[in-house]
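A, B, C, D and E label the chains in the order they appear, each numbered from 1.
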Amino acid sequence: MASHGLDIQSVSKRFGDVEVLSDISLSVRAGEFVTLLGPSGCGKSTLLRIVAGLEHPDTGSIGIDDRSIDHVAPKDRGVAFVFQNYALYPHLTAYQNIAAPLVMRELTAMQRLPFIGRRLPGAASVHVSIDERVRKTADKLQIGSLLHRRPGELSGGQRQRVAVGRALVRAPQLFLMDEPLANLDAGLRIHMRSEIARLHQEIGATTLFVTHDQAEAAALSDRVAVIFGGRIRQFAAPQELYRDPVDLEVARFLTQPFLNVLETPVPIAGRVTIGGLHVAVRDTEGAAKPGKLAFRPEHATLVAAGKPGALPVIVKRIEHSGTDAHVFVDLQAGATGLVVRIASEEASSLRPDAATALLIDSERAWFFPNGGARHLVGRARAA
Amino acid sequence: ETNLEVFYAWPDHKVFHEPIAEAFTKANPDVSISFRAAAPSYDEAVQTLIRQGMASQLPDVHYVGFNVMRTLVNRGLLDPIYDLVGEEDMIAEGYTKQVLALGQVDGKQYGLPFAMSTPVVYCNADLVAQAGGDADHIPTNWNDFIALSGKIAALGDGTAGMYYELGVDDWTTQNLVRNFGGQMMNDAETEIAFDGPAGQAAVKLFERFHTEGGQLPIDQRAARQMFTAGKLGFYFASAGGVRGMEKDIGDRFRLRTAQQPLGVENATMPTGGMVAVILTKDPEKRVAAWKFIKFATGPEGQSIVVPNTGYMPTNTLALDKDHLGTFYEKNPNWFTSVKQTPRARPWFSWPGDNGVEIGVVIRDEMTAIANGTKKPDAALADMTSQVRALLPKTN
Amino acid sequence: MAILTENAGPSYFRPRSSAAARERSLAGTVLALPAALLLAALLLGPSGLVLVLSFSDASLGLSSVHFVGLSNYLRMLDDPGFAISIRNTALYVVIVVPLSILLGLGAALQIERRTALKGFYRTAYFLPVAATLVALATAWEVILHPTFGFANAVLSRVGVEPARFLSSPDSALYALAVIGVWQLIGFNMILFLAGLSTIPRELYEAAAIDGADRGLNRFLLVTWPMLAPVTLFVTVMTVIRAFSVFETVAVLTQGGPMKSTTVVLYTLYEEGFRYFRVGYASAIAVSFFAFVLLLSLVQTRASDRNRWSTR
Amino acid sequence: MSRQFPAYLASLSAHGVLMAGAIIMVFPFFWMLLASFTAQSEIFNGGLLPSPSFVGAIENYTTALTAIPLFRFMLNGVIVCGAILVLQILIAVPCGYALAKLPFPGRPLLFSAVLLGLLIPIQIPTIPLYIAIANLGLLDSYAALILPWAISVFAIFLFRQFFASFPDDVLDAARLDGFSEFSIVWRIVLPSAWPAIAAFSIFSIVSHWNDLYWPLVVITDPDLMTPPLGIAYFRQAGEGAGHVGALMAGGVLVTAPLIVLFLFTQRHFVRGLTLARH
Amino acid sequence: MASHGLDIQSVSKRFGDVEVLSDISLSVRAGEFVTLLGPSGCGKSTLLRIVAGLEHPDTGSIGIDDRSIDHVAPKDRGVAFVFQNYALYPHLTAYQNIAAPLVMRELTAMQRLPFIGRRLPGAASVHVSIDERVRKTADKLQIGSLLHRRPGELSGGQRQRVAVGRALVRAPQLFLMDEPLANLDAGLRIHMRSEIARLHQEIGATTLFVTHDQAEAAALSDRVAVIFGGRIRQFAAPQELYRDPVDLEVARFLTQPFLNVLETPVPIAGRVTIGGLHVAVRDTEGAAKPGKLAFRPEHATLVAAGKPGALPVIVKRIEHSGTDAHVFVDLQAGATGLVVRIASEEASSLRPDAATALLIDSERAWFFPNGGARHLVGRARAA
């Protein structure tokens, strides 16, 4: 399957008074897997629907391989769409669902008729070819044995595969998926996640994927576009997002459930002052405003009380989760509700109300000056 | 104090029933009158009575249509009034023999006739004049009448010549048969008589109304709307509706009533109208009711009924100067029916339980003639066989 | 949708054996009892009695009642009046049911898709449902007046012979059918609108991408199958209502002219309440009900084969 | 979906068709309204439509209100429809709830009976009902107008379907919170069923307000007439069409409450029919 | 609030032909937080409903503080129940929802009437006391400002708090929660999880909590009862479950999404043979059957190919998730789809199709002999 690049140029969209998308530009390379990541209501689905042609942008334009498709009807854009709730036709079998896009495109109304259809001139070969493609697709998705069932008789994961099959069967230029995993339970979600990755590797179709789960985005994508309030805040590879979120809001979103944030005055000489202590932070260079020091639970450790550079804390609660444990601590200097992730074994020696100290990994903590983005070295906000 | 519940047919008769009751209670303060909701026709009034009889919720007084009185008697809802008449000389009180006969079934008196009418011709004098006729002297034979009517239809502008209404019962069909000197059944009521020569002439004439006289095969309400709108030359109906007709027409055109043309010299006509009957079995109430129906059918009552409708009085005393004497002089449209009284005969009511349905059968067959779906002969034959099937087997 | 899904049944009842279970079962009995009693007293009992009466010669107002076996039914077989009313009813149903369903569906489809004037259309089409027929019948009567009615005025302007509508035995039933359709469109439209509003938008979008983005294709792929349960409900209701046509007949034509508009229920009314032949009327009622029941069963069966669940 | 010219045109033509249909649907009402403003002498004056006038309007509405006690009829209508509706709801809601959520002996039987009842045209049981009412001496009473309709199988069916989708957990929660089954019905189930109640109310009110058949049979007392019965009598007053204008004025007065009712409730009405799961 | 212990004794329950619960016994200590963990349909809700009295066991009995409550009506058992979808009264405000159990219990029908009710003798003081308790509960849950809203106007998390409030306000002896977090989105779920933990610490009520998410179970519980097919398989503290699952099925369930499983012949001298290599496993002592070697992704590492004791593998795919990465590898000796969790940095040097080697942590790997449970040293299956 030949891949195609997608070009979204300055797309804006408002519904009534609300600007849902503001000047979104995004280029997806041929074969690339790009995820739109953002909180609920940020406009992800709207953008996807604009690309599919189900919605029209107020301004801006959509191109595939440098050819504008703004005036092309959805069915002719060569895009496939997997809906969050799959949108399978409940009255058709899995087979018929998968065949639907082919049948609607390649057969005339007469040829679609139940019995006679097949016997019309020219119809037989098309019917055979459709049948072949449906079965091939089904096999690829390992649902060959379920083809006679209706969606109501399929499990969530099976339905999801049928939906993917319906999208896949047309050999689309572009794959659009709107939270296809959101309705599955946790275990199945992770399983289907790797199925999607495998398919993408196998087929190599350019894919635009929507989710609001950062783990899903990280696990699947070549690049992730983080959208907040209708704007792209950051567009980068997952590792880069992990290392360098562009501002506190993005950082918070990407570090769910826990991001530790401490208020600090203006940093002086690469150090910020917290509770009387001066903590070195790589990131402060050039910052001239007070701001916030933020770090992930895994980028700090607990050390013996009194260790230089470590902040004295009180342990409040310990949450074990296998290898690791989350330790909830309050800073003796005031801030409460900080979380540190340490190895489970280490945690077993801790007791609530114990006094200990928190050592922040200065190489990985971020400093966000108030009212602005971090000072990122040479990185475009969106490619 | 006694309260009498009174039930009557035709809701628009309220215009005289209520004033009569008022006048009566003024004269008899010890009796009060209340009315039940009027039935839409004589037939339905009787049906309602039968249903109420079942539930023992009969009214005390009813004005029953001449044609359906027999049904009430058959169902045992009526008793003869001999317990009340006693020694009274009804003739002296202004009721003629002929009139009293209208209140009898099988020779027994069941009530006092209250209003009578005969079919008359309502003429749109303007249209008649346009067609070259004179509404005050319309033809007295059917041929000329139909010719004139045909001319009116030919005037154009959506006019129709005439409308001979069939109504909701068989009254007007009886009229046609009698117009040719016939009867519905023989005197002994053992055999159908309307299939004889008179009946045949009647149905043929009815067909000619449509083929030559410019009558449209439309329903009665539509035709009446046409007439009052000034689009119809002649309209045959009971004289009882003169008042309502005048009201609906206003001054849109000049309305005249005329006597019907006659098919044969000894033509008769059925008398429409109603009999005041007493349904209550309570002796005390019967006395009060008797007082009431005598009042209603007496000169005072009649002088209220006549001007408000067009009915003829059933009591000769009502014709004196104090009551209606001068009224007729001033209102010739009202007098037409009175002029026809010599020919008036009782409205024949069918033996057995199926009177209502016989009426429907007759009406339907006549409609078939009107619509041209049946030839008169065929329709008459069908009518005969169907009616025969509905008559009591024992006869 | 509440009334429109066939499988909106209760999940399952939990079998119990304890005191609490008995309490709940008792509560169920008590709560359902008034309805059950009234149902028996006001609907099923009387209907059953009708069945009994249909084997008798009962007549309203006469106290003697005799068992006459099947003779009422036999009489029905060769009663020309009854045959006519069957024919009229069938004709009426055959006209009214498909027309009012199709037009109701068409109206619903179009109204649903419009953004402007939606409320206006919905109200306009629903008005006849709320109409006091006795009053509106007079309006119809004058509009359809054989000589100076609005309908004929319009017809004559376009050069068509004036029709006698309600006055002619050839057209009266059709005129009543038109009024029947007029009355039922709105009812069906509302039900279809309710059904349409439950079709997920994504299905239409999926269809648009699959190549069925408008017209008949989309209708056949999504709308029609998704409306199947509603359509069944609407059809059953419409059939029952069309079979039960009574008021227009009673008010406008009284079965005439020449019995051309006597329908079964009107015959039932006439026989029962005008001619007082309760036994015969009951036999008509029983046959009528048997027929409606049969038809509904056939319909339900037929659409059972295409049933699917949305779960 | 696409913004090409034909789509625009399609929408326009669809509006055209819908509007034409709407005009046909509304026309009899429009005619009725016009005629109600038209003097008796002007009704059949050969024009395409009645020609309203102020005098005509006054004449007609006065006649309608004086010739028959229209307000009395409408009051009767309100009393009868109101009583029927309240009874139907009070009886059908508990039954619908029990059918949907409570196991009790005879439940399947009762439900089959309800389904069967749904198919019985209302005219069928009227003869025995009439006989019964007559024998109880209840002819010509509000009871005769109301009692036979105290039960609505349609209501039971509708509520049962509605409650079937009511979450079981809420009921269990209520049981734990100390509600008895009866207080569950009145305090939980009934208040949350109002969209279905609204939808049903329209059905019920429309059909009973407009019913002619039954009042015709059981009512002869003018004080107890319902609006259609009153109009029917008014209509038959006069051996012909009588006062079309006044009759239409009566029609307008009698129809208006229902139209207003629908205008106010149409949203809930559609919602009540569609409302499924919470 | 005084805490109470719960005693479930040999409870069995069948629905029709299906035995949903088989001989379940479980003791919960006063103030303890016990989670029922198991796959969908295993009978968790049924057990909870039996405890609440909403369902009746076929056999067995339920006791609170050694007093049987089998014949006590649900509303009198002093248990509070939080339902999965909250089961709030949709037509009542948050306030009225929370007040409902008090109103129904403490006021007569007359006293409940809208206006008059308050004025009846004795009612005023009860009304005031109810009002006080409702407001106190709402404050504790930080929903004081939402009390006038209906459930439809609340977000998922807020609804959940109202549901907890309704349970809490009665000061129950026993708290039952049926997947109260399942309907929340990921972020909120983790937030509400710590809310529940905080509440439990604060109130100390005995709690029986249902979930099918092992992370949730681990994070919250003192002890976890793992239920499979209506039987308790293991009942232990979370760390113990993590370390020592009793059989392969439990292990698989607890290690979602990934558990690596390798077929092995009968172990010899504490070693199992895989692809010609002998791998030492702590766990095999005494095992005399072939079985399966299982280990978590985090209990293996990737080492340079050729290292002794390590299995040669081919890298198939790498999934980054922040600090860590999951590396999917195929064993050159045959088994496919093994997963190793390593630090993200280490993973960045790997490429698909690279040959490397897998070293299993023999101290943490488990050996499950076929057709039986692991040989666990001195641990009761259910306390």
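Assume contacts are C-beta pairs under 8 Å (C-beta built on N, C-alpha and C of every residue); 3 or more make two chains touch, one makes a residue touch a chain.
Here the structure is a predicted model, which means the values were calculated and not measured.
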Which neighbours do chain B and chain C have in common?
D
With contacts defined as at the top, give the pair, C-D or B-D, that has more of them.
C-D
Length of the line joining the C-alpha centres of chain A and chain B, rounded to whole Å:
91
Using CA atom averages as chain centres, what separation in Å is found between chain C and chain E?
54
Counting only Cα atoms for the centres, state how far chain B is from chain D in Å.
40
From the mean C-alpha coordinate of chain A to that of chain C, what's the distance rounded to whole Å?
53
Chain B, residues touching no fewer than two other chains
51, 54, 158, 221, 225-226, 229, 231
Two or more other chains touching the same residue: where does that happen in chain A?
53-54, 73-74
Could you say which residues in chain C touch two or more other chains, in rising order?
14-16, 21, 60, 141-142, 148, 208, 213, 273
Help me check something: in the complex, which residues belonging to chain A touch chain C?
49, 52-54, 73-75, 79-81, 83-85, 87-92, 100-101, 104-105, 109, 150, 152, 166
Which bits of chain B are touching chain D when the two form their complex?
7, 10-12, 14, 35-41, 48, 51-52, 54-57, 158, 220-221, 224-226, 228-229, 231, 237-238, 241, 244, 248, 250, 252
Contact set on chain C toward chain B in their complex:
60-62, 141-142, 145-148, 164, 166-169, 253-254, 256-259, 273-276
Which bits of chain C are touching chain A when the two form their complex?
200, 202-203, 205-213, 216-217, 221-222, 225-226, 228, 306, 308-311
Taking the touch rule as given, give the residues of chain D at its contact with chain E in the complex, in rising order.
167, 169-170, 172-179, 183, 188, 191-192, 194, 278
